[in-house]
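Note that chain A is present in both complexes that follow, paired respectively with chain B and with chain C.
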Partner chain A sequence: MKHKRSFFAFILISLTVVSGCWDKREMNELAFVSAFAVDLNEEGKYVGTFQIINPGNVAGGLQGGGGQNASITVYSAAGDNLLETEGHVSMKVSRDLYYAHTNLIIISEKVASEKGITELFDLFERAREFRTTTNVVLTRNSSAEEMLSVLTEKDKIPAEQIVNNLKGAEESQGEYQKITIDNVINSLITSGNEPLISAFSIKGEPKKGTKMENIQASQPEVRMEPNGLGVFKNGKLIDWLEGETARGTLWATDKVQATSLNITWKNKKDAIAYQVVRQKTKIAAQLKKDRPKISISVRAEGRIAEVSVSSDLTNPHTLAAIEKEVAKEIKEEIEKAIYHAQINKSDTFGFGDAIHRSHPDKWKKIKSEWNNEYFPSSDIEVKVEAFIRRTGLRTNSYLSDLEQ
Partner chain B sequence: MFSFFEHSKKTSKNYSPEPLPKTIKSSLSDNLALLKQKTGKSPDIIIRSLKIGNQPKVKAAVVYVSGIVDTQTINEFLIEVLINYKEKPGNEAGQELIEKIAEEVVSVGSIKTETEWSSLFESLLSGNALIFIDGAAKALTAGTKGGEKRAIQEPSTQSTVRGSREGFTESMETNMAMVRRIIKNPNLWIESIKIGNQTRTDVSIMYINGSAESAVIEEVKKRLKKIKIDSILESGYIEQLIEDQTMSPFPTLYYTERPDIVAGNLLEGRVAVFINGTPFTLLAPAVFVQFFQASDDYYTRFDIATATRFLRAFIFLISLLGPATFVAAITYHHEMIPTTLLIVIAAQRESVPFPAIFEALIMEVTFEILREAGLRLPKAIGSTVSIVGGLVVGQAAVQAGIVSPTMLIIVAITAIASFATPSFAVAISARLLRFAFMICAASLGFYGIMLALFMMVAHLCSLRSFGIPYMAPFAPFMPGNLGDTLVRIPWWSMKKKTQLMNHKNIQESKNKKSQSLKT
Partner chain C sequence: MEKAQINLYQLFVLLVLFELSTILAPLGIAAKQAAWLSILIGMIGGLVLFLVYYRLYCYYPDVMPTEYMQILLGRFLGSVLAFLYILYFLYLAARVLRNFGEMLLILAYPVTPLFILNAGLVVVTVYTVRKGIEVLARTGELFAIVIFFLAASSLLLIVLTGLIKVTNLQPMMEVGMGKILETAFSETLMIPFGELIVFTMIFPYVNVNHSKKLRKAGLMAIGFSGIVLAFTMAINISVMGVSIVSRSPFPLLSTIRSIEIAGFLERLDVYFMMVLIIGGFFKFSIILYGAATGTADLFKIKETSRLIYPLGFIVLMFSLAMASSYPEHTYKILHSDAVLFTTSIPFLVVIPIMLLVIAFFKNR
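Let's look at the complex of A and B:
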């Protein structure tokens, strides 16, 4: 009994001592990769770019760090696949590359339009450190490597600034959407749905953006801005959506979180600004004699945010009239977006997916020709209801007093 | 310490080479000679010879130990009355005179006639005065216990905001009286034994007859009787000799300095063990949750009391797992730390030359050193140590880049948490286990912490205190008794007192090691 017990204790101790610590990684042995970018070089090889955080230059605190030196270092290398680029980069970095905090994947316009994004995402899903909740963006008019190298002024880590910018744009403009790896994969594998990925572009000379002087100015010459939504077809970038078309697309896909739109009132253009607080879009799909019929119903709630003509907002009839105008405006936007998509022959709305769900048996037949034949010719009916829930702190504008 | 015991065991064999004669003789000079010889003519054994009665005067002697007797009582009620006794002794002399003196002359509260030397010595050494009369083969023992004692003061270890300010003293009689004053119930029973071959320490057990489970009382008595040891200097001796499981970091007996805690526990059916010479009284059986309860909980309103108890459980977890969790997170689980925090920690650790576990151990050990030093130093120097500790070890170590500021924060929080646990007994178990958890965390990460935690919980569930499961009423789960555990329900809704002493739960102690130590 006594032997048994001491033997057990011995096993336990050797278990921790011998097998323990194999996975141990001290923080100062790790290089935290904040963003990863994919480019295509002239030979058609992938170029992976890694944005690595220099913690000492990011965090303030006792050491007085931050501000003086660049908060990130960017490394890049070419390779036949993404893993190979990592292998080549890790030779240049003195520490282990660590991806659990990677927040952004940038795909260059060139990769997206020439090679397509279909084969890119396996590594991110397979590797254990990558999170599938990592955001994905496209570059527009610049390479991904350039975009990763631009220093930013607000968030010291540029990847974070891009993500936060995009989040802000998504929440206020309604023309962009944040999309993560798992969303992209999902829309790639769903037949009858194409991904929409927001794009960023660099304003200014990219080379200057890599210098600290750029962010020391009150008006940095080089900035990154969200710029359009990339439309894909069969995994390849085919078009950009901007402004109302982009918003219309997001309306139809129930992705608008908040936005504002202007309506004409009393013959004055953009006289009333309406701010959407919440909205809900429902898609119903039917097949009538092999002809798809899609009905979209949108319900938007919001408030009046700005008025530039005098009008009696205390009168419920006026408000009802404004609501109608708003609904009309939204409907026009959605129809415009659908028309645009039908010309592109790319179903970014997931209508095909809706048909798949409502008519799974017939879907198999039309699936392969959906984007080119059925989607462009489908009947689409848009119904919009808009509600004004409140008018802000004022009812009637002071402009009404001015008129009297 | 071990060799000390062995040494004392040897001397105990040589103790009193000549056995005491069984009974006393009738000759006073013979008796006094034996007394002197047996006590080695120690100067604090006072033998006051006097003559009492009238024609013929009879020789007598009053013997006592100076310092442990009440001198005033001896002077006024023994010596003075004896000297003034002028009756004719008559021819009966010794034997009957002694009875007469006991009944008619001496005016002290307790008086007994003894014939045996062993009980006379015991009585003498515990503060009674002996009266010998020439010609009598009996002696009187008069209760004159007294001497200098510490006054009743506020307890220093378990102070409360609200509640009685009385704390136990070193005198067992005073302590038991304090409890009697709270529970005025004839069912409050006390039984007394003497433990320790040399110290002959008075040990009393106190319980409420009818409230305490008789099996528990019997078990306490049985274990106390089994103790074979030369000396009992503090209640810690008794605790370690009668506890169920020696090989455990957790205390299975509760000790307290407060009479109200003892009274409360007696009413819940526990047994108190008073030991003369220490203000700390033992309570058995003890359960784990008890160590997270303070007497304040019962005096403040129930919502506050419940909230503080949850806070204490949380504090215990911090003091146990604080550094371990941090070490595991920054060496294995970087993905679990939010990015911004991770970068801050990483920036601080850039220049730290040690692995995280080593850094944590350095700080923890430094803290333990400071704590131990603060405990032993005279109060005047104590503040110097805290300044040196706070400034030099804290700030300088960070500035020198040996430890990171976050680690300092973690260690500091842990240190404060370990002081905030209401029971010192369980706080020091956490203090010890913390290091084990840190090593598990450093070798296996959170997985290691979970393994160690499972082992700890399994161990806690296996413990018993005088037959009562240590984790009661959680394991075994007794829903009716949950009202006074981590929560304290309002007094009006506590229909019955918590009954942890379930007859079915009582089991024999399986701890052979502690028993072999006793024999």
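Let's look at the complex of A and C:
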């Protein structure tokens, strides 16, 4: 009996000890940060901007689309480091800032080109609430604060729309890539692989974009659009890649998921549109007398999507000829991108990494001079194979009948 | 010695749970991309150590190590050595407890005092250990299934997300064979394989008609968990790259956090927490049980269960006092030569081999 009583006392004490109320945080005491942006002010201090969700205005459905109020509120403050900006902002917000749902980090062009991004990421990696799978995006021609303040029409939360937009661009265009904190850090620390971060810019007058009227129109005056890939060197933004150069770079790094390209046929420019469905790139690196030799082999599979000139698409020989043209086109793009990168002296392809893997000993000697000396002078060989697997619901175009 | 018996399968399960609780740590990362190799080498060393412990058990299958030390070395010297071993087990227990509390603190409870978290585990463990080894073994059987499902499903999810990049494991021999061997023998051999010495306290409870079967179960458990640990480390590195893994106190957490499937199967941190709590509980319970049953045997105390409260309390206090910060704690475990040469090597390697040599000559 005595035992039982002491046992119960023991259990009671344990209950108070084990239940763990110390770290409790209630939902209605939290401010969900959907995106975080970094700017630089005139004094060279960081300005942190926080996009905070107003839960009542996001929840649509029964309340008729979430009401007339903005679904987000944006706060910003300056500080010597990122944590300090958070401290200053949290004084203005009535709730605790909560980062577990942050899925976008925006870095302004100014920070990236003037101060560099090298020292930015420690907080995100170290803090418990942040996810290292958070996306990173640059701004182009605008401040990061302006970008976070623009309201969007499709997704109530602008950060969500930017991420989805980028994802769409990555999956269909082949000129953009999603990149996470993890990826950025990994490429910052390896000298043989510089980061490539997609940028967004604001079309229109940024101030108007913060008003609800903007998204009530069928043609919002202010929009955000993906616009180029930022090229870095030693952590600083040095150049933008666009269009074919951007795609060429992504071809070579095996990042193109789907894209379409036009080839000249029967002397007509952009006569056939080829849609890539699947793509695989392999990089092999060798060192010959300390001179790097890189061979890239690309294999693309796809279909013919649009034809504006008559040609016999039922004939395998024609298709083979088209395949050759496509391969030539892809090869040109890649070579253009590599040439561009060699002038920039920034290895965005990870060729240095490939050398590191194949010649770990020699890499130690050349890695400090890789970007400036070895990469620009390396021999690069590009091999492309393209395959046309299907031609859609029609074989020949009706244009062939028109000609007869 | 309490009157209890566990069967071979239960022993196997306890061994595996004990070993796998280190799955959370960056094991052997000093060998960089070859971390998995240094784990496997450590495992081979661990198999050899296990055979040493097993031979000792074969000579004295029915008595505790605390008793056969006295038979081998004489009453006085043997008792002193047995006492030192008990202190070593208490130190191991405190170390595991501290690790457990620190991990929870870093991951989930930033403002809760360490004492509260550690006390939570001590309370649960003391209760289990009081009930005896049979209860612990049956609990182990139950939770082994849970761990198995966690492991299988997380592996499936990692593969499905397409996170594995084999190129991250290259170049494999970047640090050279010397460093790999050094890591294997100074780190991975001691933790987790050498720590199995605690099981010498449990072998006498195993109900086995043929001692060779115990050897088979032990070798299988060590081989299995060694392969799982090496595989996990290889996956960690191939998912996140060597740099992030070597800068993470819990690389497995970051790996699990990168799982993202179809926009809703993500943020599976709870997986990690479950492994942490189940693994921490079993490792701590087994060590504490070893210490308690050894103490009871050495000081001829009939009721082992009475000893658990004071021992639990001592370990709790020790776990708080043993280091002032988490970096200091891990430094002492992994990188401190003083700890390696004064505790790990003598207690796990040198003394058992010496005892075996003496036993060999005594029983010739």
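Everything below uses one rule, namely that the second predicted complex is superposed on the first by the 381 of 404 C-alpha atoms of A that agree within 3 Å, B and C clash if a C-alpha of one lies under 4 Å from a C-alpha of the other, contacts with A are read in each partner's own complex, and residues count from 1 in each chain.
Convention: a residue touches a chain if its C-beta (ideal position, glycine included) is under 8 Å from a C-beta of that chain, and two chains touch if they have at least 3 such contacts.
In this text the structure is predicted, and so the values were computed from the model without any measurement.
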Practice task
Kindly say whether there is room for both chain B and chain C on chain A in the superposition, answering fit or clash.
Solution key: fit
Problem - First (chain B), second (chain C), both or neither touched by A:55 - result: first
Practice task
Please determine whether it is chain B or chain C that touches the greater number of chain A residues.
Solution key: B
Exercise for the section: With the two complexes superposed on chain A, say which partner A:356 touches: chain B (first), chain C (second), both, or neither. Expected result: second
Handout entry: Touched partner set for A:23, first chain B, second chain C, both or neither
Key = both
Exercise for the section: Go through the superposed model and pick first if A:133 touches only chain B, second if only chain C, both, or neither. Expected result: second
Handout entry: Touched partner set for A:14, first chain B, second chain C, both or neither
Key = second
Practice task
Give me the angle at the C-alpha centre of chain A between the C-alpha centres of chain B and chain C, rounded to the nearest 10 degrees.
Solution key: 50
Problem - Which of chain B and chain C A:217 touches, first, second, both or neither - result: neither
Exercise for the section: For A:103, select first, second, both or neither according to whether it touches chain B, chain C, the two together, or no partner. Expected result: first
Exercise for the section: Determine, under the contact definition given at the top, whether A:182 touches first (chain B), second (chain C), both, or neither. Expected result: second
Practice task
Could you tell me if A:320 is touching chain B, chain C, both of them or neither one (first, second, both, neither)?
Solution key: neither
Exercise for the section: Look at the superposition and give the distance in whole angstrom between the closest pair of CA atoms, one from chain B and one from chain C. Expected result: 6
Fill in the blank from the handout: Where chain B and chain C land on the same part of chain A: residues 17, 20, 23, 100, 131
Problem - In the complex with chain A, residue positions of chain B that touch it - result: 330-332, 334-335, 339, 342-352, 355-356, 398-399, 405, 439-440, 442-445, 448
Completion exercise
As the complex stands, chain A meets chain C at residues 10, 14, 17-18, 20, 22-23, 100, 125, 128, 131-133, 182, 185-186, 189-190, 353, 356-358, 360
Handout entry: List of chain C residues in touch with chain A within their complex
Key = 106-113, 116-117, 119-120, 123-124, 167, 170-171, 173-174, 240-241, 243-244, 247, 254, 257-258, 260, 266-267
Practice task
Quick one: which bits of chain A touch chain B in the complex? Just the residue numbers, please.
Solution key: 16-17, 20-21, 23-28, 30, 32, 34, 53, 55-56, 58-59, 61-63, 65, 98, 100-101, 103, 129, 131, 157, 160
